[in-house]
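Since the structure comes first, as structure tokens, the remarks are kept for the end.
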Amino acid sequence: MNARTLPFLATLGVFILLYAACAIQYPSMLSSRVIGNLLTDNAFLGVLAVGMTFVILSGGIDLSVGAVMGFTTVALAVMIEGAGLHPLASFTIVLVGGAAFGCGVGVAIHWLKAPPFIVTLTAMFLARGAALLLSTDSIPVRHEFYQTLSGLSLSLPGSGRLGLIAMVMLLAFVLGGVLLHFTRAGLRVYALGGNARFAGLMGIDTARTTILVYGVSSTMAALAGIIFSLYTRSGYALTGVGVELDAIAAVVIGGTLLSGGVGGMAGSLIGVLIQGLILTWITFDGSLSSWWTKIAIGMLLFIFIGLQRLILQFSAPTGRTG
Amino acid sequence: MADTAATLLSARGLTRTYPGVRALDGVDLTLRAGEIHALLGENGAGKSTLINLLTGAQPVEAGSIHLDGREVRPRSPADAAANGIVAVYQEITLLPNLSVAENIYLGREPTRFGLVDRARMRREAAVLLSRFGLSIDPAQPLSAFSTAVQQLIAIARAVDMSARVLILDEPTASLDSAEVAVLFRLMRELAASGMAVLFVTHFLDQVYEVTHRITVLRGGKLVGERKTAELPRMDLVAMMLGKLPSGDSHLQRHAAREPGAAFVTVKGLGKRHLVAPFSAEVRQGEVLGVAGLLGSGRTETALLLFGAERADAGEIIVDGAAVTLRGPRDAIRLGFGFCPEDRKLDGIVPDLSIRENIVLALQARLGWVRRLPLARQRELADTYIKLLNIRTPDAEKPIQLLSGGNQQKALLARWLATKPRLLILDEPTRGIDVGAHAEIILLLEKLRDEGMALYVISSEVEEVAAYADRVMVMRERRQAGMLTGGDVTPSAIIDAIVTPVDMPPPGRAA
Amino acid sequence: GDKGGAGKAADAGKAAGALTIGFSQIGSESGWRAAETKLAKLEAEKRGINLKVSDAQQQQANQIKAIRSFIAQGVDAILLAPVISSGWDEVLGEAKAANIPVVLLDRQIDTADPSLYLSAVTSDTVEEGRVAGRWLVSTLAGRDCRVVEIQGTIGASLVANRKKGFEEGISTAANVQIVRTQSGEFTRAKGKEVMEGFIKAEAPGTICAVYAHNDDMMIGAIQAMKEAGLKPGSDILAVSIDAVPDIFKAMADGDANATVELTPDMASRAYDLLAAYKKDGTQPPKWVQTPSTLYLPDTAAAEYERRKDLY
Amino acid sequence: MSGWFMEARSRLSLLALVLLANVLVAPGFLELRLVDGRLFGGIIDILNRGAPVMLLAVGMAPVIATRGIDLSVGAVMAIAGAVAAATVNAGHAWPVAVIAALGTGLACGLWNGILVTIFRMQPIVATLILMVAGRGIAQMITEGRVLTFTDDGLAGVSSASLLGLPLPVLIALAAAIVTGLLVRATALGLFVEAVGTSPRAARLAGVPAPGILIGVYVWSGLMAALAGLIAAADIRGADANNAGLWLELDAILAVVIGGTSLYGGRFSIGLSVLGALILQGMRTCILRSGLPPELNLLLMALVIALVLVVQSPACQPAIARLTARLTRKGTA
């Protein structure tokens, strides 16, 4: 097993290492408030990463998630503020809608034999375009149910709070992990990522699996949209531009191979936290100009991945593998 | 027994055309309950294609398939499996990123409360594999194991799944006699239980050992069906080749010739976790055979010798000068060539054409600037396609579309094109048909007589005994002896291979 | 670049009794934005304020993170240049709870509870459009005019306003109408490409004026006109918004006709009212409006000199 | 090679389709006028505006063929532009600026190549690092402003013209031809495809995989630098904030439309260039359609969806017939 869990352990180690480093520079980083914020502020990214993990493991990629998320926030705002629907009803609608959209993407990828990259890029344009059509400016959501929801939170020891959305994110990871690692469907995803043709010869229904994968991804994107809409209590068409890259990065940093078939859910969570940590450190420093911020993000990414690679190099099992 | 048995599966007029080739042309096949049926033919005769049609891996163009008299139209392998028809394909179609157990149970995983029951999966996998004499940890990723083991795992999966018809496309190609014996025992059991087994191989001995009937294909057409017992070897070979074989005299031992100068000398070369230090010497104009069981580490010796794995002990001396191999390029610069065992993973470049695959190594040695002119490339490709008679309409066909055996030949061509001084061959005749088999061995002997040094790993003891001047025997991943001169006989080699050692094998990684 | 561990400086600053202010800036998507940040820092130094600028890279999520960490560090006040108008209630609520005053810079927010922020220092973006529109109408003096409009990034909050304002500005004159509008995404390159498109798509000589939502796009458009052999400023009137140095240079060269100022110096006003508020709790007005001055070629050269090193 | 022609035909028919759409939007789109020694017309505009993405695609295609990807090209464009502008503004001659910019591009490519080859990072994250940090570096050089320059030599990179064609077009075409020769007249193409399809087999056959890998990233960096120069020259200023923003996606899209699989293997410079032109054709068409800008993205999506259907193996034959008719119309 360790041959497979190694990348994850490496990532985890690096994360702990650098968290410690940050904590030494700013002791308050250890406060439960910062930790709570780390989870709450990155909840939407985490949920996206859950879906993206499925896609990447299946050997695909999904560039549409950011746009789907953005569309969801607008759709929710329009439904709740405009049409006066109850939030819960709207949530169900967008989740179902997201699932349907993703399945559509999956169908396109399978039947058009087209590369996921293009299909999902098209889906991205589609979702963004549709969102802008709904409304070009940002719409606040004032429904009191929203207040109550975003009010809900688990207070951590210390001044910290674990917001509802953070809990939803963690739940998503748990459920996603179970689906991926403990069900037949999950195993099929790995099979598809290992070698689609062989999977077919071994009797896997590749069409169904592809559709499942992108269905899950888009559903997660819609959920991320709900989370973001709760997070900001508003809807805006340009929400989450470029966030798909953050999600992909999180998954890959988490030790999942972009070529598919190798990796896992837990790694992605660490990947998300790593990105969150980078930004937290930067806001703590607070003295960085726009450009230094970007450079720092890049350099920290480099340090993380570099360390991870080194650990893997040295503990790589010798002999006949891979 | 077999003749009285009821027809189980009957295929009529199966046809399949690929761009440029009519791979299968109105072929009939009848499988009877309780019978082991051999499907024979040259490389590219259409055996695998026929199997692909039976399992729905490829659509049937014309013709029909009946199971128990009722027509079946398998749309996919899953579909065929549902009808109890299961195949082990020629290339191992398992998934390297999954564990052994997952590979065996993929698509039919045992579940508890809707969740995959991994513990049970492992337990059952272990039991199943032990029936094949494999005592490996089913939780390990498949990629940790050699072709041979993976082959056994694939067979185990199919045997476990198949209900009515089990199809084995060259399952024994990478197995050694022990594994083959186990496999045959299982095949007989399954047949006895009323199933039909379709068995593709290029080893005629195995045909006569285990099968009841034989169907022979040639150039995509049916040549005929015979009872094994009533078909003499010579006639069978004639059926397959369409002519009488150019006397397989190659299996007579040649008179020992005086060896040339030592070209490569290996002193205590080894690597932890891989293979214990071994010493050998390959002279110009001689064949050093390497014999051993599966996992005995023969491939590993080759990897070290070719610099594909970096040795952590010992030295290599070429033309009297010590050399360090930092990678295959160094070895190639010294005039080494290496035809690997795992054709699919280490050998062919699937997307590229046969021509490009053949010139690849030569071009790599010339460097990127001095590109071989297209004309020269074509000429080279055509020469070797003719020399090794690789069955293909033209040299521009992607190599992945070639039949298994023909891919193997193309790889041999890749290295011959570099005119190497030392040629390392890992299982060179694996999956090669009888005719070509003889041709390739004659070719090896010709190369040797021209002064090339050959390092040949092979599981076919008679063969090794026939052309090798000396034989290095590997056992438990360490050198277990070096047979020379008169000792190079099948019996001696087998003794050396199987004599148990008391020392424990060195720990294996992963 | 000014990299350094100002993290600890925060506490040092407190000790000295000076204000520590956190500034959540949108990013650095344009020269104007960079100038705003630069001025904020300059003015802070003048006043001995310890300013922590956090750059959100255009992401609202990052701005919320930044504000949260400002609260966690217990700054004395927060400046917020909101990337979009809505979605601030919760985090500003937290700031209020920690009674840290928040001042909005250059953009208003859309909230039910105005007590969430102390004051907003912004321009009237609709007025900017109006000024540009009125100028055009008056300059034309009754002539017919087919105007092409180069919008900013679709979805950006001020695009709608600058469009609306301009349309109001020209609504009085039936002879002026917008015939084409396309998004130049606030960048020179896109502005140029869009203008090229307009020139190709419209019959030669039928475009009489171009209105760009910012100067950068106009500068691109001016190049497009020149390369198409047209004379910007005379063949086609050019009016845009922001008043960045380069547009003054263009006006001085006679390539542009007018620009409406959106001053990048928002922070100093915020500092003043914060200082007063901290000293004796003087409540500042909810909206400190910066003037939307119209600049014409006559003063261009001088204005260029005055601005060029602020940017 | 007949396969290549099939591919080329389907791309060309797509291009024809796009051009036709342009003609419908702006009549007289196809006509060419020669004004003081310089050609004007819709086709030229597409070539001219498409030059940067063409260059990026030319660099990206080999990278993708090695099973890699280069997300940093947009940022490298920004850096190169900034370096060039800063150099001329520092009073150096424009050739110096050009060389400096190209040098920067090489350096960036080398960095990517080393991360991928030596550190064995996955290309997408390896280049993501430079994608993020690179734009920061560019902004650091320009301090977030648009670094305007007046040097006509440097501006000429975009505005000058030769043989009636705008310089950017010539640069892009030259780059495409040089790259094409580099990969096909030498064995590089073969090696790249071998490494991309089956790294292990390639290594055992003695293909110098590390060299090849570093090489393709360096080349991609160089092409990006060229594109950056053109972008900067085009607006006579280095806009570190926006130059090349999201252009990496366009480049990848162009290469994939050009028929190269993201899983590596066979690639074609020519087809990738066609892909870039098809993209630019769509852009131009949408920009000039006069439709409200809110629709831009939707239109883009619909057009690409159409492209996908057109290319899907399912309806190849039908398309072939259709194109035959369309091309006749288009030229008529």
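Observations on the model:
Chains here go by letter, A, B, C and D, matching the order in which they are written, and residues are numbered from 1 within each.
Simple rule for what comes next: contacts are C-beta pairs under 8 Å (C-beta built on N, C-alpha and C of every residue); 3 or more make two chains touch, one makes a residue touch a chain.
Each chain and its UniProt protein: A = Sugar ABC transporter permease YjfF; B = Sugar ABC transporter ATP-binding protein; D = Sugar ABC transporter permease.
The model shown is predicted, which means the values in this text are computed figures rather than measured ones.
With centres computed as the average of Cα coordinates, no chain lies farther from chain D than B. The chain pair with the larger count of C-beta pairs in contact, out of C-D and A-D, is A-D.
Taking each chain's centre as the mean of its C-alpha atoms, chain B lies 71 Å from chain C. Chain centres here are Cα averages; for chain A and chain C they lie 33 Å apart.
Once the centre of each chain is set as its mean CA position, chain A and chain D turn out to be 30 Å apart.
Within chain B, contacts with two or more other chains are made by no residue at all. Across the assembly, chain D contributes 139-140, 143-144, 294, 296 as residues in contact with two or more other chains. Each of residues 1, 28, 34, 37, 154 in chain C touches at least two other chains. Under the stated contact rule, the graph of chain-to-chain touches falls outside the line, ring, star and complete shapes. Which chains touch which is summed up as A-B, A-C, A-D, B-D, C-D. Within the complex, the chain C residues that touch chain D are 1, 28-31, 33-35, 37-38, 151, 154, 180-183, 185-190, 192-194, 196-197, 200-201, 216, 219-220, 223, 227, 229, 246, 311. Within the complex formed with chain A, the chain D residues making contact are 67, 71, 115, 119-126, 128-140, 143-144, 246, 249, 252-253, 256-257, 261-263, 294-301, 304-305, 308-309, 311-314.
Per the touch definition, chain A reaches chain C in the complex via residues 25-26, 28, 31, 33-34, 37, 41, 44, 132, 136-140, 142, 150, 228, 231-239, 241, 279-280, 282-294. Across the interface of their complex, chain C is touched by residues 25-26, 35, 42, 45, 49, 139-140, 143-146, 148, 159, 231, 234-237, 239, 241-243, 284, 287-288, 290, 292-294, 296 of chain D.
For chain C in complex with chain A, the touching residues are 1-7, 9-10, 22, 25, 27-28, 34, 37, 52-55, 57-58, 60-62, 64-66, 68-70, 72-73, 84-90, 110-112, 153-157, 159-160.
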